[in-house]
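In what follows, structures are represented as structure tokens.
In the two complexes below, subunit A is the common chain; its partner is subunit B in one and subunit C in the other.
Showing the complex of A and B:
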């Protein structure tokens, strides 16, 4: 019964969002402003309909309503309540509903911040957003309905939520990621509205920027949590795999970063208008394309989703409608855009342009790598290849260097042209001294060097000098310094986050240690600066799995820690899962995976040391924090 | 001139979308048809476990499965427990095709997580994989007692897939 109500509410949302989506058209025909006025209230109604529909699905999960196919496939009575809740978005159908709900939230918060703005413009934006909502509700209802019943024969017990997904990080990973993905629809909608109403100016750029910043921030968090999850849950210490699904999130992330940087120039200088508009379209395209790649089954990936070619066709039709439609509007409307001015090659404008080119070319290359197996196959008639991590690792390096270089000096380039170059010398000196210091420190701790780590440290120092040390140097008084730090909080935090990220990636790639060993009870093994000792193993049964739990002692100098590496067998699916034991410290993680039972009290283990890995996620958090602060500041300013 | 450049993104995306639609056409039937019901291709490659060269004749215990795997393939870990189960229940013999991998790493991994294979063919250059039209790892082929490829499955081998695609053919 509850599920039927949820189903009906969703159909209601479909109808109303369709109406909102085309109400500006009705206004155009009837000239009645009523059609503008209703978009706001109706948009809120859509939000509530989707919300209650979502709640009814959650309710079905919590009450083990296995007559719903979706519930029966992804939950069972043994599952702890917390994971029953998370199972709601654990698979395709429910996660789509979550996606739609996120989009409704975005549309409504846009409405909230712009309720006093120009009625026509807001109505246009909401209309575009509601068309997107409508398209995705249709997609859900027609190809992947979570409210489908398994009647008359309903199972008594459900199968299970994939044990890999029974985990805290995984319960927050999809919502964060979807907030990011769907948030990209707002800048897109603002672009279309601006193209149609023909006012692309600095106010438009300022109003668009917070939304692109916010979605960029959520994407950062979503990707970081996903990588953290892969790191400790897959049990073998990897944190990024260049898997198609990861790329599908990474590409929109890169484009969204390019987008809000380009919007800065549009706001301040009235330049790059076409480019900003194209980026909003491109970002949204990448976001839908990601969904397409993941759900249609054209690419195989670790992320095992329900695949269905029919869904692929549907998403592709949605993609064509929005992207081709928006590009047609772009081509027809925008060629009267003024805003051509000249600037010298060494100017902030040009710096932003380079930043954008690097980011977008990188994004396109990654997308190309992801699609390359398909292209190759099409050309060479069925012969197939795959593109692995080596391609991406080689690819990303020059872009990382270029972007780090720009980040270091970008703040000191002048608009129009740069008059004064003394900053170059100072940044060089500052970063070089910092570089020597860190190199010395790293050498003392790890006792070795490699080109990769030196390069990463160099990039780190360059960014830190330009975005932090030089700012301190430039402010003569302490009060002055405080003001600068506060005013630039968002920028400093995001750029330092990037520096930490680069450093973390460089160090973990070059300095990781790993060994596979066989240990009997009481036996120890020395790796790097620590000794791992196998203390014993226990077997017991938890709520929905059996577990072998090994106690490992990690001894470093005089500090001793005990951790547990586990192997679980889930009752309802018989799947085996490893839970790695991780002892995190500031500089490095100690990581133990339990292998096989090799006879009496003897087990195999995989021991790993991962230097600076935490810094990657710390950096990501700083970046996200920076984008949130920045968007908050802009929203506050424009609301006043 | 300016007008034309404004249409460039649109034109680009038209081609892009046509390309995406064409990818969708590549459904599984087409994937299978290249090899389906043909003899297993000839090959001569070293074993993973030793340097010994194996050929088609060494896949002697038919019907059997040929499973394409590699240490860099994460999805292979997902299907690994299921392969182990097939081995333990001795439903069918499984041969491995270690695809574009490093011998040492591969052996270590098998040591660590268990070896479901009779033996693995060490195909570092992907020669046999190319003849088989392997799309990526994991992939699983069913070879019947006459040495003919009967089923090809791209992606993780699950209970469900096993029941629907493989068991039906085996039971014949």
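Showing the complex of A and C:
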């Protein structure tokens, strides 16, 4: 019953969002302003319809309504309540509903912050957003309906949520990521509205920037949580696999960063208007393509839940409608955009241009690598290949160096042209002294060096000098310093976050230690500066799984810690899962995975040391914090 | 040259340079990291040089897994129901590795025709079949 109500509510949302989507067209034909006025209230109505539809699905999960195919496939009576909730978005159908709900939230918050603005423009933007909502609801209802019944034969027990997904990080990973993905629809809608109403100016750029910043921030958090989850849950200590689905989130992230930087230039100098608009379209295209890659199952990937080509075709239709449609509007309208002023080679404008160029070319190259196996298969008649991590590693390094370099000096380039170059010398001195200090520290702690780590430290120091030390140096008084730090809080934290990210990635890639060993009870193994000792193993039964739990002692100098590495067998699916033991410290993580039982009290283990790995996620949090602060500042200012 | 043209020149030049570098990197990256996929029967037909990294996939043959005591060395056979291929591997197997389940391996063929795997790809769940393996198995059936 509840599920039917949810189904009906979703159909209602489909109809109303369709109406909102085409109401500006009705206004154009009838000249009746009524069609503008209703878009706001109806948009809120769509939000509530989708919300209650989503709640009814959650309700079905909490009450183990296995007559719903989706619930039966992804839940189980043994599942703890908390994970029943998370199971709502544990697979394709429910996560799609979540996607739609996120988009409705974005549309409504856009409405909230712009309710007093120009009626026509807001209505146009909402119309575009509601067309997107409508398309995704249609996709859900026609190809992947979570409210589909399994009648008359209804299972008494569900087949359970994948054990890998029974985890805290997984509960928050999809909502964050989807907020990021769907948020990119707002800048897209604003671009289309601006193209149609032909007012692309600095006010438009300022109004668009917070939305691109917010979605970028949520993407950052979503990707970081996903990486953290993979790190501790998959049991292999990897934090990034260059898996197609990871790339599908990484590409829109890169483009969204390029977008909000380009919008700064459009706002301050009236330049790069066409480019900014193109980026909003590109970012939204990457967002839909991301959904397509995750959901259609065209690529070999551990993340692919669905293997149904019909869905792929549907998403391709949606993709072509929005992206080809917007490109047609763009090509008809863009050449009429006025405004051009000049700048010299060493100027902030040109710095932003290089930043955008690097980010977008990198994004396109990553996309190319991700799609290359498909292209290859099409050309060579079914011959299958895969593009491995080395491709991406070769690719990303030069771009990371270029972007880090720009980040260090970007703040000191002048608009139009740069008159003074003394900053270069100061940044060089500052970063070099910091570099020596950190190298000394790293050498004392780890007792070794590698080219990769030196490079990462150099990039770190360069960014930190440009975005922090030089700022402090330039503010002569303490009061002044506080004002500078506060005013530039967003910028400083985001760029420092980038620095930490670069350092973490560089160190963990070059300094990690790992060894697969066979240990009998009581036996120890020395790796790096610690000794891992296998203390014993226990077997017991938990709520919904059996477990072999190994006690491992990690001894470093005089500090001793005991951790537990587990192997679980889930009752409902008989699936085995490794639960790694991790001892995190500020500088490095100690990571133990339990392998196979090789004989009497003898097991295999994988021992790892992961230096600076936490700094990657810490950096990501700083970046997200920066984007949030910045967007709130702009929203506040434009609201006053 | 007037400032506007000069500026355009810079922009065009940097786009050109950026793209050129990217294309170069893409080619270099692809040459390093493309791994062709083979089924056991394709391996016999294709003359693969020893030492070339490839991927193979198939079903783990029942009863073929052999482990050395007190070491991580093990061997097993995969099959596409036409030909079998002997695999050697040293290390811990992923959770979802089991007999009569699909598996994809990365590694090289040695001179004895044995496939030395250095990576066993972890699968998502017990029902999941890597698309390449599913396709091969479907063709053979």
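Basically, the second predicted complex is superposed on the first by the 639 of 640 C-alpha atoms of A that agree within 3 Å, B and C clash if a C-alpha of one lies under 4 Å from a C-alpha of the other, contacts with A are read in each partner's own complex, and residues count from 1 in each chain.
We adopt the following convention: contacts are C-beta pairs under 8 Å (C-beta built on N, C-alpha and C of every residue); 3 or more make two chains touch, one makes a residue touch a chain.
None of these values were measured; they are calculated from a predicted model.
Contact with neither subunit B nor subunit C is seen for A:526 once the two complexes are overlaid on the shared chain. With both structures placed on the common chain, the touch criterion links A:604 to subunit B and to subunit C. Of the two partner chains, subunit C is the only one touched by A:350; subunit B is not. By the touch criterion defined above, A:278 reaches subunit B but does not reach subunit C.
By the touch criterion defined above, A:342 lies against subunit C but remains apart from subunit B after alignment on the C-alpha atoms of chain A.
In the superposed model, A:365 lies in contact with subunit C only, and not with subunit B.
Legend: residue contacts after superposition of the two complexes on their common chain; A:292 is shown touching subunit B, with no touch to subunit C. In the superposed model, A:319 lies in contact with subunit B only, and not with subunit C.
By the document's definition of touching, of the two partners only subunit C reaches A:392; subunit B does not.
Subunit A uses residues 234, 236, 300, 302, 304, 383-384, 386, 388-389, 516, 574-576, 595-596, 604, 606 to touch subunit B in one structure and subunit C in the other. On the subunit B side of its complex with subunit A, the touching residues are 2-3, 6-7, 9-10, 13-14, 17, 19-24, 26-27, 30, 34, 72, 74-75, 77-78, 81, 85, 108, 111-114, 130, 133-136, 154-156. Subunit A meets subunit B in the complex at residues 234, 236, 238, 241, 243, 274, 278, 281, 285, 292, 296, 298, 300-302, 304, 309, 312-313, 316, 319-320, 323-324, 327-328, 330-331, 334-335, 373-375, 377-378, 382-384, 386, 388-389, 516, 574-576, 595-596, 604, 606.
Residues 162, 164, 234-236, 297, 300, 302-304, 307, 340, 342-345, 350, 353-354, 357-358, 361-362, 364-365, 368-369, 372, 383-395, 398, 516, 518, 567, 573-578, 593, 595-596, 598-599, 602, 604-606 of subunit A are the ones touching subunit C in the complex.
Within the complex formed with subunit A, the subunit C residues making contact are 3-4, 7, 10-11, 14-15, 18-19, 21-22, 25-26, 28-30, 32-37, 55, 67, 69-72, 90-93, 95-96, 122-126, 130-132, 135.
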